[in-house]
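Please read the structure below before turning to the comments.
Going by the order they are written in, the chains are A, B and C; count residues from 1 in each one.
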Amino acid sequence: MENTNLILDEDEVLRVKDLSINFGGLKAVDNLSFSIKKNQVFGLIGPNGAGKTTCFNCITQFYRPTTGSVLFRTKNGNVEELVGQNVHDIIKKGLVRTFQNVELIPELSVMENVLLGAHVDFKSSLFAQALKLPKARKEEQEFRERTMDVLEFMGIADYANSLCSGLPYGVRKKVEMARTLLCDPKLIIFDEPAAGLNDVETDELTLHIRQIMEKYQCSIFLVEHDMGLVMNVCDRICAISFGKFLAEGTPAEIQKNKLVQEAYLGEEG
Amino acid sequence: MEKKRPAVKGFSNKQYIGFIIFGLCLCLIPVLVKMGVLKTSFLNIIGGSIIYTIAALGLNILLGYAGSSSLGTAGFMGLGAYISAYMSADLGLPWELSLIIATVIPTLIGILVGVLSLKMSGLYLGIATLCVAEIFRKTFSQFTQVTGGFAGKSASFPVLFGTIKLKQTGTFVLLIVFMVLAMMLTYNLVHGQLGRALHAIRSSETAAQAMGVSLRKYRLVAFALASGYGAMAGSLYVHFVRFVYPSTWNLLLSLNILAMIVIGGMRSIYGTFIGAIIVYAVPDLILKRIPVVGSYNGFAYVFSGVLVILVIMFSRGGIAGMISGLVSKRKARPAETAAAAGTDDSSGAGTE
Amino acid sequence: MGTFLQLLLRSLESGSVYGMAAMGIIIVYRTNFMVNFAQGSMGMFGTFIVTAVFIHSGWPLALCILIGVLAGIGVGSLVNFAVIRHTKKISAAGKEIITLGMMMIFLGITPMLFGTDPLRLPKLIPTGSLSFGGADISYNSLFNIIFGFALMIIMFIMLQKSKLGLAIRATASNENTAKLMGIPTKTVTLFAWIVAMILGTFAGVMIAPTTSVTTELMDSVQLAAFIACIFGGFQTFYGPVVASYFVAIGSNLLIYYVSDIWGQQILYIIVILFLFFRPVGIFGKKVTKKV
């Protein structure tokens, strides 16, 4: 019975269906549905307070949605319902995220911060690690090498041993992105990746997002305010306002959409 | 632009050598005492500092890494001490076995406290651990069948493998061995997956969860380690001091251990030892010789209390932080100088 | 029935003591956003001042208490200016550790100033008692109960009606907004510490005759006050004070009817279990961090 609901199309990675969440009577997300395909950059846009981040949090189970389902094709190809799972189990499925305000650990080096992204992939027991048995030692070394690969890919290898606290904002954003790449992700959620970046950095980000998608063969789901970035980088866009679905389509279609224009103009006026 | 890939720093054994050399240096103390250079009381004072270092290392994992405060350290130390004394003196179990039991039982209780911590935020946790410590303290004085009540309980120096009877000097060396082992263990734990996970929990619980860190599991591990280290220290205490009173395990001892890690340096292994020396040994060895104030009881607490406040206000890294700050200023790495441009969120966010 | 009434009266007296300490904790918590673990040791220090003055001067106890209040103003200000003023930018955990450091200082400085021997402080009203319904109550206990009630009521009226009370409540609800609206939050902070110090001294002087004046005088009072804050919630001023009386009744009943050896421990276990199931108190709300 349950299995009949757990079906995704061949090329689908994530399907959000009838997602709603209430905060004390206020519907922050209202009956939202969309789906993300393999190797797709999917954008979620909307005016301030449209419920974009809440939508993310419902998918990653930081919030428990009131109703609706979130189906996800995991790393090993199974389709699973994410609603109701532990927050810390989500990354194991191959769904990983960044944060609006860059949540790195200031006391740790860039290398160690990114290594946290491989947390769930460590096989050796705590006991083996405490005694630094050869197996644990080898594993740690392997992950460190892999981390260095990722850092090189992101162009921040020089910072590997610097503490995160002293780094420029742009670098820290890259560190956080690098952290999502270690766990063999199938879908990466970027929460406002361009916030706080200057124009040059934003252009670089556009390039990075496409590169990540191609190299890691994953889908990318981003919430963004910077319209330029969204229009340049996304394959498909979903626009919402006050938690409600407005429109979905290619960047060009969204740009022309009357409802979307109104929602944005309404905000400015 | 072709760049050379920076070398990947892996696990190294350099730290091990450091800890061992450090332990060997401490082993010189009994030699110096034998030669008459140092007083015999020196052995007691440094021995005490070593015991507190072990307990403080555990608390450092909990507070420094996981960011959960506990005011129950003394209670767990006391529990370890009483169980160990009861097992070896009353039941006649071998020293090794009583040490293990005296470590394992409090660890399990520590895990229970950890379960409580899962649901509590900072201030409530502090109060809850205060309650736990009070429960222990009251029990120590009232459960006379095991603890001897206010009269106290005595134990003897350890007998290794049932044959080697240690005296004070031997026990002192044994303490050093345990401290060095504890340091190595701590080093391995905090520089691997566990350390990163605990850092993540302290820094941001949400980010930690997003990275797959189970708050439940790692909080419990941190509590287990803190209480386990504390209990082991307590067990070593009772076999070194050979006597234990309920009043030893009061809140002031917990505060002292907290002061050790704050003053010495949160998240620093050597710093913990430095802190233990400052809080426990310096008052006995130096402060007492200061004219007028030094002769007063209580001056040591004022000294530590003032230091704690100053460290929190001005130098969060404690003494270890100050030392490493001085070292890194000398050899600022190129990447860091490049990074000096923008240092915090606000300056970065302002560029848009 | 007489026993129960006796227990109830005794609980009202210790409830007054706990209530004052709890009020001290809560007023500091609400205005400084700081859990003051030094509340008990501050009260202990104040009690030592009163006792020392009483012993050395031979003046009436009431006058000595007044001197204790004046000293309390001094000590409270000193704490505020020397330490608290410099803690605005420190994290909650850091502030907690600072109060623990202050606790160490008070516990250390007391024997330096007043010696290590336990001192004795007599009751304010040395003799006389009432008996009714099979229970006895000394005039002093009666005075303590009434004084506790009266002081708490005055505090609440002050908080609700006076200008300073308004400033305190404004600071408690949002310090930054209060500052922007021209409320002298620094004065509020200073006042909070002075009040905490004086309330602590009162609590200490009230409990001192039942035991001896040592550095451990306030240990159990402080813990009881914290427990009251937990049950009553850190969010209101009245909650912890009301809860103080219930904590006193509960612990007396447990000790008398359940076990005089384990009663206290049972109470602590109840508290811990309560915290487990209601981790933010009865009235508290969980604040979820936005991500």
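Everything that follows uses one rule, which is that contacts are C-beta pairs under 8 Å (C-beta built on N, C-alpha and C of every residue); 3 or more make two chains touch, one makes a residue touch a chain.
Quantities reported herein were computed from a predicted structural model and do not represent experimental measurements.
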From chain A, the most remote chain by mean C-alpha position: C
Chain at the geometric heart of the assembly (C-alpha centres): B
Centre distance in Å when chain B and chain C are each reduced to the mean of their C-alpha atoms: 31
Whole-Å gap separating chain A and chain C, where each centre is the average of the chain's CA atoms: 49
Rounded Å distance, chain A centre to chain B centre (Cα mean): 39
Multi-chain contact residues (two or more partners), chain B: 204, 206-207
Residue list for chain C, restricted to those that touch at least two other chains: 291
Residue numbers of chain A (touch at least two other chains): 62, 99, 103
Interface residues, chain A side, partner chain B - complex: 60, 62, 86-92, 96-97, 99, 101-108, 111-112, 115-117, 119-120, 122, 126, 129-132, 136-137, 140-141, 144-145, 147-148, 152, 157-163, 165-172, 179, 183, 195-198
In the complex with chain A, residue positions of chain B that touch it: 3, 5-6, 8-11, 185, 188-189, 192-194, 196-197, 199-200, 203-204, 206-215, 221, 267, 333-336, 338-343, 345, 347-349, 351-352
Chain B partner contacts - residues on chain C that touch it in the complex: 35, 37, 83, 86-87, 90, 92-94, 96-98, 100-105, 107-112, 116, 216, 219, 223, 226-227, 229-230, 234, 261-262, 264-265, 268-269, 271-272, 275-277, 279-281, 289, 291
Chain C contact footprint on chain B (complex, rising order): 67, 69, 71, 115-116, 119-124, 126-128, 130-132, 134-135, 138-139, 142, 204-207, 250-252, 255-256, 258-259, 262, 293, 296-309, 312-313, 316
